[in-house]
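Here chain A shows up in two complexes: once beside chain B, once beside chain C.
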Partner chain A sequence: MSARLECEVLVVGGGLAGAMAALAARRSGARVALARRAPGATAVSSGAISSGTDPTELPGASLGARAGVADSARRLAALRPRHPYAVAGERLERLEEALAFAAGELSPVLAPFTGRHRWLPTPYGSFQAAALCQRSMVAADLGEARGRLAVVALRGHMAWDAGMVASAVERAAPLGGPRAEVARLDFPMWEEAALWRPHELAGFLERPGAAEDLGAMLRRSLPSGASAAVFPPVLGLSPGADVASRVAAAAGLPVAETLSDVPSVPGLRLQAALEARLRSAGVEILAGDLREGKGPGAPAACAGREVLAPSWVLASGRFVGGGIVRRGALAEPLLGIPVTAAEAFGDWGAHLARRPAASLTYREGRAPQPLLSAGVACDALFRPLDAHGAVIHERLFAAGAVLGGHDQAADGSGLGLAVFTGYLAGQAAAAGGSLAPAPAASGRPAGMLAPGGGGAGA
Partner chain B sequence: MKLGAFAWLGWRALVAHPLRRLVRRGSGAERFALNYESEGLTRTRPEDRAVAEAAAACIGCGLCETGCQLAASPSVRSLGLHAAFRLYSRSSVDLPHALEALEACAGCAGCEALCPTGVPIGRVVGALLGRARDLGARAGRG
Partner chain C sequence: MDHDVIVIGGGVNGTGVARDCAMRGLSVLLLEKQDFGVGASGNSSGMIHGGIRYMTSDRKVTALACRDSGYIRRIAPHLIFRIPFLMPFASKRDGATLLERAAWYATEVYVGTYDLYQPLKGGKPSSRLAPEELYAIEPALRPGLHGAVTLDEWGIDAFRLCALNALSSERHGAEVRNWTEATEVVKEAGRVIGVRWRDALTGETGFSRAPVVFNASGAWSPALGRRAGVSVPMRPGKGVHLTLDRRFSNYGIICTAVDGRQMFLMPHENDSIIGTTDDDYYGDPDDLEASSDEVEYLLEGVESLVPGVRRARVTRAWCGLRTTLYEYGKNEDDLSREHLLYDHAAEGAAGLLSFAGGKLASYRAQSEEVTDRILARLGRPPVACRTHEEPLPGGESLPDPAELARRHGVAQGVTARLAYRHGALAEQVLRLCGEDPRLKLCLCRDEGIIAAEVVHCARHEKVRRLQDLRRRCRLATGGCAGLDCARVAAQLAARELGWDAERVRAELSDLLELDWRERRAVLDGAQLAAEEMARAVHRGLGGL
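Entry: the complex of A and B
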């Protein structure tokens, strides 16, 4: 085993929550190590960051008149007392600051935070809210786009139905969205290429000239009066390739991609952008399983190195990332923190998670599914609690999907919650777990948008 | 016609089967193999069970596909190696269908570092390949 790595904050998990925690702690001046085994739920996400919509909103409400990001989160918190937004209490006021921080840190891929939801088409004929989206998705924002969108069908690309996407756009038209029309392109799909999977098509479009050819082809077969073009989510894997802008320049109009299903090219691009930013910010990345981890202050082993940190942020995800596993009953495998679950009619606690996982789902599809909101319970500083409701360790924090009480399927607060909790947990971990508000420790004003400067002293 | 069929079934159930039971040879497992292996239904060995348990951690996220440099025939590519073993690995009857995909695996292990749930993909593919070849050879004989 090589030299011991000593740092102030150890982040466990390399998805969006872990990356935000590491970057926020780094911004506060801490030395940060991040242990991760493999990409998790961030890499299979749609590629946009949703913080949750207003659960009281009527489906017919015009997109422009709907509640903004902060108001939506407040209303969600008021209805769901176990939700981390509610548990955070007054600190929920810092959601917008956290989202602006994420947009700044990941500015190569993410468009600036506007304070309102963006309404983005999915490949399934629906549209969804996102607090932050990638630059390659902005032109498909149904709340902002006007006129007529050309939904592009690439002949031979099987995992994509332009007609279904156009119908989703049309459904938003009475709510103030644009109209839509399908444009079919004879993109060269020879025998082999017709079987390309989305990430292979995305890699192809990164090659010099490929995006330009596609743009030129679009310009030739563009329906008259089109104000922007919507592509399948295949516009380049690498954050720097900027395929959307290259296609747009060649086509002569704004170009966007939709949200994605798995395998998700925008999700992989977001993950790549995270890792690039972590490296440039000076976070030590350890690729491997964290072993012998007993918690903050005790040495742990990862990737052949011994790591010692007085503060930990647990951002290990839920069922995809492996932060919560099912071994007969639900368990948190790294530190053995009790997992809590909630039942539809108010019962809540660690005893529910000890039941067989199958008993935590209900056959009625519209009922809340307790299994989907299972996770560790925490206090207002996102410190995990033991079975008696006491803080396990003063300097152990949790962020993202490993936290219980939120359900991405029901309230849509997946990656946005990862940003919010990761940002606050990272700041608190860097501040050493003191109960003082975290911004005082960073000594910087809120809403830091400039990327870089990660090495500044505390 | 119908009467004849019932008479035949009755003869088998009431006379032939009890008589055969009186003179049966070999263990239950051997007789199972005799009756079912020609149809591709083989016994699950402990090592097959271990592989199935390792593969059961797969959540079907598809991240492994993005690290797979599979260069194979279009029929394999359209499905993907990893989908092939998810679809076919549970049944010894279906497993030979995945033989082409399993043989196309170069064993680069590029996929393993991408698996969020830590499935030992290389080990699973190796074991399934051995089993698929075994079953294929058996079917060839049968």
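Entry: the complex of A and C
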């Protein structure tokens, strides 16, 4: 094992929450290591960052009149007392600051934060709110775009249906959005490309001349009066390739891509941007499983190195990331932190972690599912709590999906919450817990986790 | 009269009778309120077995079942696959007691007797395996077993078996309507004169006249009977199965559950199935869902012989209702698996026949028997049954997947599954790719579903809803919960069936709800992670 790595903050998890925590801690001047075993859920995300919409908004409300990002989060917090937004208390006021920070750190891919939601079309014929979106998506913002959007149909490939995207645009039209018209392009032109996966198409468009040819093709097929064109989400994998701008320059009008399902080219692009920024910011990245990690102040091993840090940020994700697992019972596998679950009707707490999965769900699939919002409970500083509600360690913080109390599929606060909690947790970790109020009930010395901290046998 | 006979129910008995009647020259209307096989047939274990359990009571039944298995293999050779089973010899303690040894010997003799019938169904004879032979072929078994006997049976895709019978009856002139509910059996002067029906998708209603109505609506039969003023005694038994995400063992393994019942783990198509429970069910047959307890019961039973099953990924828990004959005072397991044809003439509904009980494996023989009765009821001269001779659609020949792959430029993993599901018609599916190479797009790598298959099913296999594709080509039944395939398949179906964007969203939503019901009780490990991702896409992004 090579020399021990000593730093102020160790972040566990390499998705958006972990990256934000690491970058915020770096900004505060801390030395930061980030341990991750694989790209997390960020790489399979839609590619935009949503912070949650106002649950009280009427579906017919015009897009321009809808609550902004901060107001939406406040209303969400008011209705969901266990949501990390609500748990954050007054600190929720710093949501906009966190989002602006993320936009700045990831400015090669992310468009600036505006304070209002962007409304972006999806391949499913829906449109979704995003607090931050990629530069390659801005021109499809239905809250901003006017006139007539040309929705591009790639004739050579059957994975996307322009009619579905056009229906999403048309759905928003009565709410003040633009109209849609389908533009058919004979692209890709080769038989074998009809079977390419999204990332293969995206990789092709990065080649010299490919985006320009596509733009020229679009220019020839544009319906008259089109104000912008919307493509399937395949506009280049690498943040630097700038495929959207190249297509736009050749076509002579703004160009955007929709949000993506899985596999997600915009998600992979966002992940690549994260990694690039972490490296340029001087965060030490350790690729591998974290072993023998007993918590802050105790040595841990990752990627053949020993790491020692007095502050930790746990940003290990939920089920996709592996930060929370269920093997007969819900558990947090790294530190054995108790996992809090909610029942379909009412009850809530760590004691539900062993309940059968079905009893933590509703029969109606489209309803919010309590099982899917299981995670670690925390205090207002996002420090995980033990089964009795006491802070486990003064300098152990959590961020992102590992925190329970929110179901991103239901309230849409997934990556936005990762940005918010990651940013604040990173800052607090760098400050060495000095941002924290005086130690509460738990009087355990730093560097020790309660043995058998309630986590079910993983 | 519009028809000679109206068949209510698109399970294996309904479609089997519709086919036989149509082949014998009758004018047939088949009504299915949802899709073919949605009830007990499609949710059975998917086995064409020879009825080994009847050897103790009636050997003629075993002979009949074995002969019929052979016939099904003849008419649908593409859809049938071998499942060799192991019946391991387990002892309570280290050394086997005399009693245990005697029981094993009895099993060996019993299975040896069954061998006499195996030629009828084209099965292989059993063999006795020493412990080292047993562990060589099935290393996943727990240590300490004393060997096993093998037993040869057949598996089948039961949903497709129903659909093929329906499609075949249509080829022989029957009018086949899925998603059409029989709302009323109309009687006049003590005789049935026809059926009122309602199309669930278009809302169209109609009245079709026929002198004979055959009620083959399975667990829904008693309710239909009540509405017609007749009684169809039945004791429905709920059977739950689990699907694992891969072929977990090499062989089918007979296990003993905690209550001493026999159950099994078996490789089936591309995955493995664990089954089954058998419990009286008093609820609404439209409202059937597996519970956590049933899942646990099944896993515990398999764990007794295959401890690693706890690490397996369970992707679905699904269930159906056996239409067992009514009898008071017996355990579920001891109820007869025989079938009965009720003639309701004495109840003031002459011409109305109802079917209860029976087995998937014997559907063809059962259908022949019912069709004979229908002909007699109609006063027609007997016509010879040919359902054991004429292949089901696609059963005419067995294409070679490697050759198909070479000729059409499609991966062999895909052509193998296409040839399995479509038999001789795989060629027709692949020809679509010649016309439009984009249709080689692969929607599911597990099941080998390409766009062309979705188009083919939508055009030729009476697909009316997206969820029908679950049953035609196993769309969205795998571990990824439709993440890869559902949207693209919906788009393809929309082009064929003229759906607008709203209908596509409604169909997707309907399909996902159906899938969710089967996963709710098994959300654990990797399957829970898949659920989180699928929900983020379908509910979060798609707003479905």
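By our rule, the second predicted complex is superposed on the first by the 428 of 458 C-alpha atoms of A that agree within 3 Å, B and C clash if a C-alpha of one lies under 4 Å from a C-alpha of the other, contacts with A are read in each partner's own complex, and residues count from 1 in each chain.
Rule of thumb we're sticking to: a contact is a pair of C-beta atoms (placed from the backbone, for glycine too) under 8 Å apart; a residue touches a chain by one contact, two chains touch by 3 or more.
Everything quoted here is computed from the prediction, not taken from an experiment.
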| item | value |
| --- | --- |
| Chain A as common anchor, with chain B and chain C clashing or fitting | clash |
| Which superposed partner A:Val320 touches (first chain B, second chain C, both, neither) | both |
| First (chain B), second (chain C), both or neither touched by A:Thr361 | second |
| First (chain B), second (chain C), both or neither touched by A:His199 | first |
| Comparing the two partners chain B and chain C, which touches a greater set of residues in chain A | C |
| Contacts of A:Arg37 with chain B and chain C, given as first, second, both or neither | first |
| Touched partner set for A:Ala409, first chain B, second chain C, both or neither | second |
| Chain B versus chain C as contact partner of A:Gln128, first or second or both or neither | second |
| Partner chain in contact with A:Pro233 - chain B first, chain C second, else both or neither | neither |
| First, second, both or neither for A:Val262, with chain B first and chain C second | both |
| Single chain C stretch clashing with chain B - from 110-118, 182-190 or 452-460 | 110-118 |
| Chain C-contacting residues of chain A that also contact chain B | 41, 44, 191, 195, 262, 319-320, 322 |
| Complex contacts: residues of chain B adjacent to chain A | 59, 61-63, 65-66, 74, 77-78, 80, 113-118 |
| Sites on chain A touched by chain B in the complex | 37-41, 43-44, 191-192, 195, 197, 199, 262-263, 268, 287, 289, 317, 319-322 |
| Residue ranges of chain C touching chain A (in the complex, touch as defined) | 289, 291-292, 296, 437-442, 451, 483-484, 487-488, 491-492, 494, 500-502, 504-505, 508-509, 512-513, 515-517, 520-525, 528-529, 531-533, 535-544 |
| Touching residues on chain A, where the partner in the complex is chain C | 41, 44-46, 122-126, 128, 156-159, 161, 163-164, 166-167, 191, 194-195, 259, 261-262, 318-320, 322, 325-328, 356-359, 361, 363-366, 369, 371-372, 408-410, 412, 414 |
